[in-house]
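Look for chain A in each of the two complexes below; its partner is chain B in the first and chain C in the second.
Moving on to the complex of A and B:
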């Protein structure tokens, strides 16, 4: 077997590995760290012990005969930073997943309808989508998140609204160019109904573009989610979350307790990097014409 | 009379004026007959093909009548028209590289068409029939599992012909089907069309700019110029004894192997359809043109069994 060559293949490999690692973390992370992510109390033989707050990374302590390691230290409430960082993957990635899925589904559906039917409907939808697009993403998400309140689904919806226009615009553009293509005309001549033209002839041809937009949107959704929870929106403490912890850590950073905020911040950067690499590599591999042109 | 086009007008309103693509065209196709439709670019021959099956862009204004087995296709509601498209009238396009869906297998093209029109009960039944017709058209049955990009241009056009024939339509509109192919493949496709004509006995509207091809495959020929019919008649008579000066010029512009005469280009260029010439539309380029041609529009009149629109031949 030959090794990877050039950016697309290396990007696919590195991005894929990072992405896969984060997905595994999201699925098993919470159960792996259990209570340690949300509580600073340790029970030994029915007795409760408090873990001291603000322990630096690499500390080892002994409580009631039990030896505990804190490779990334503890936070201002005595919770294990490593446990919070690992446990935090679930919330953010679940939200990123749902918001990407919702925006892709709605954006694609509306883009298909708008592009295929055209006319006044297309004008109205395009105008609406463009005004959404023109709005700064985070501010829009803040407004909707504040309106909807806490919860995975609510925050996912708030973020999804931000990305619907990207899918809408892309799909609509492809539909407009495909609508006039000879094979669609040939299908019309062959008596195909509008439904079968849209679903069998146009939609499958938009898939490569949709697929390459998914990881990029996913990465962006992670940042938006972190931004929202950084501001304390959409999440209920003590649920572990990178954005939320980053903000808490920021308050202790100047006092010298750098580890509380640094590690959640690194997780955000690394996960976004992984998804972006994957997205760019997929884009190069699936839509090669863009590179040649 | 299976297909009868009566006084068909097609106009486009553009920002720079009204373009008249077809100005009162009448023609007919009999059962089992191949009618060759010839003309230069912009003569309206492709517009006519699309107008028959009502596939012109919405901006086109269409007038007249297209009678197909007694019914006027231009007045038919969309859902009834859909049942005619593909099933009773089918079409083969110029470019086989883009007239097949790149993400659908060849077999799926057939299956979709047949299931949509209820011509097959299952996918397997459709693929069986598709394999049979492909083999008759010289494409191996295994190609059903391939995507269009895996086929050569000639094979794709054979597939497109197969798609046009599989539902045994009454009329096939073939719009410049060999223009995008190289000379060798063109020959094979033309031979195929001749075989199809013998075997299926489908009527065909064979649109081309190549007089030579028409002479080979058509029974009758209709020469179009600037959105009007110049001459209609049996292919033999028209090719051997053209009556309209435009037909004559068109024939002289076709190179012949071994011919001693030089190829003669037609002087001038096709008219601007926003502002077509007065009188006979060919008069600015016609060697015979007189004052009468400039002022009076010639009628299509019967001249010894064929129809010619020229003041000098009536």
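Moving on to the complex of A and C:
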């Protein structure tokens, strides 16, 4: 299962394109689809028309002289599935962004401190992080999200806790391996303070590994977010969200209205694949030594 | 250290692991913002009632007192609190749901390891064909697909298409006869066989098929990768070359000589996947209405009953500690180097 020939290059290209597309969708998607993602009511000349629910993909209907097209059909409440799928990118990707950022910042900071200071603090923090790592991440996130309630920042925080140990362990490992290296000792002898050694000499050396961990964490955060909103946590209807929509459309999906669930799910898979591909390619390019193994 | 000593040593360590995990759970539950009482009782409760409930639950006490109370009630009294509405002990609810989760976890592990080993060994055997590439793509897709989406797709295809049951642990009729059985362990397969009801056992296995397949496929990707990497590494080494030179057939070289090399990495991976297994079980149980602890968590979320969620998280900590014990002992059995 070794990478195909020329992998980092095409992985970077394909993963980059998919990732960029989803990021653009997250920024402009919601405003592009507007009300159609959250409402099944159409107003023509001040009169309200209801769009029928469960229209199959490719249906075109006419209400009050207005021709409406539903390439992906409508859901159980008569909302445009395409609009919901496009609008749904914003919530999940914002959450994935914040949770990745929070876990990277906190994990790196704690890893730097723990690795550099060492001693009891390092042992206690490592023990704590190891048990956090061993604990089922989703269950942890469920417990925290249930406590914190709805909202982008709350659910991001719940997810971030899961990924802090990955950054912590990686950064701490690099710090430990660099602490005794000649250039750090030289800086020490030259009278540099602990802070400047950690920030100027050690931190830059951890960056390639942090960067290559970011897309993978982002991808995983998307899956965790989908799991939480599937369970009804962290989001308030009618905000469009892929995981949430999958749960709400479940009964109808199984009754044969496959388009309700198929498309939100595909969006999750595709976005995760994009970020993963980007992550693997970045890892191969930035940390070339690991490729040989 | 002999095997017996190693097992005893590991057993002695388990309370420590458990203690650390429970400390973690307590820390996350109490130190993060968010108030368990407003979660338990709802937001529109008068201040006096809130204060009374807080005192009842011991939440007005200093943090270290709360911490010892939590450890004491979980470890000594097996008390996980009561549900908000009906005031049922959460430990009782979890005890009735635990067998279903264990059933699903075991079945899914069998599927995951079986499927993973099969894919990995085939990839190593046909190294030069398209198969390793296929297995790699399979692993990536399986990693990217949310387990509940996979479950729904299987419900639609194998469930609706091939007629496998898509919901619950048993058909309603059999659920009733299970209730009236004289000997009950909570494990359906065991109960039905002890009481001589082969039909119920088969009904159960039919219901188990899709959830186990879902969770198993979801976890199988990493096992495929680990098996492939270790087997294909072994296939380039001298001892497999010697085996081939002695005229042993390639398949036998792969399965007898190469695969043995994969056992320890597989075990390591199994230990690492326990967390994913339990987390995935929550979503799988919700998707298939499989009445385990995970579905209980979902019901707790829907009813906004935080005691259930908190109790279940505690039980998951216990499960993690126990399974890591089992994996460590299995290590010592498989690899003599572990017990110096």
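We adopt the following convention: the second predicted complex is superposed on the first by the 287 of 293 C-alpha atoms of A that agree within 3 Å, B and C clash if a C-alpha of one lies under 4 Å from a C-alpha of the other, contacts with A are read in each partner's own complex, and residues count from 1 in each chain.
Note that contacts are C-beta pairs under 8 Å (C-beta built on N, C-alpha and C of every residue); 3 or more make two chains touch, one makes a residue touch a chain.
Because the structure is predicted, anything quoted here is derived from the model rather than measured.
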*Return fit or clash for chain B versus chain C, each positioned on chain A through the superposition.*
fit
*Write the angle, vertex at the C-alpha centre of chain A, between the C-alpha centres of chain B and chain C, to the nearest 10 degrees.*
90
_Partner chain in contact with A:53 - chain B first, chain C second, else both or neither_ = neither
_Under the stated touch criterion, name the partner, chain B or chain C, that contacts more residues in chain A._
C
*Does chain B (first) or chain C (second) touch A:78, or do both, or does neither?*
neither
*In the superposed arrangement, does A:173 touch chain B (first), chain C (second), both or neither?*
neither
*Check the residue A:201 against both partner chains and state whether it touches chain B (first), chain C (second), both, or neither.*
first
*Scan A:16 for contacts with chain B and chain C and give back first, second, both or neither.*
neither
*Nearest CA pair across chain B and chain C in the overlay: distance in Å?*
19
*Enumerate the contact residues on chain B facing chain A in the complex.*
53, 55, 82-87, 90-91, 93, 95, 98-104, 112-113, 116-117, 160, 163
*In the complex formed with chain B, which residues of chain A make contact?*
181-183, 185-193, 196, 200-201, 204-205, 207
*Can you list the chain C residues touching chain A in their complex?*
17, 20-21, 24-25, 28-29, 32-34, 36, 39, 123, 132-133, 135-136, 139-141, 143-149, 152-153, 155-156, 159-160, 166, 224-225, 228-229, 274-276, 278-280, 282-283, 286-287, 297-298, 300-302, 306, 309-310, 312-313, 316-317, 320, 324
*Over in the complex, which chain A residues touch chain C? Could you list them?*
1-2, 4, 127-128, 131-132, 134-140, 142-144, 146-149, 157, 161, 219, 223, 226-227, 230-233, 243, 246-247, 250, 253-254, 256, 258, 261, 265, 268-269, 272-273, 276-277
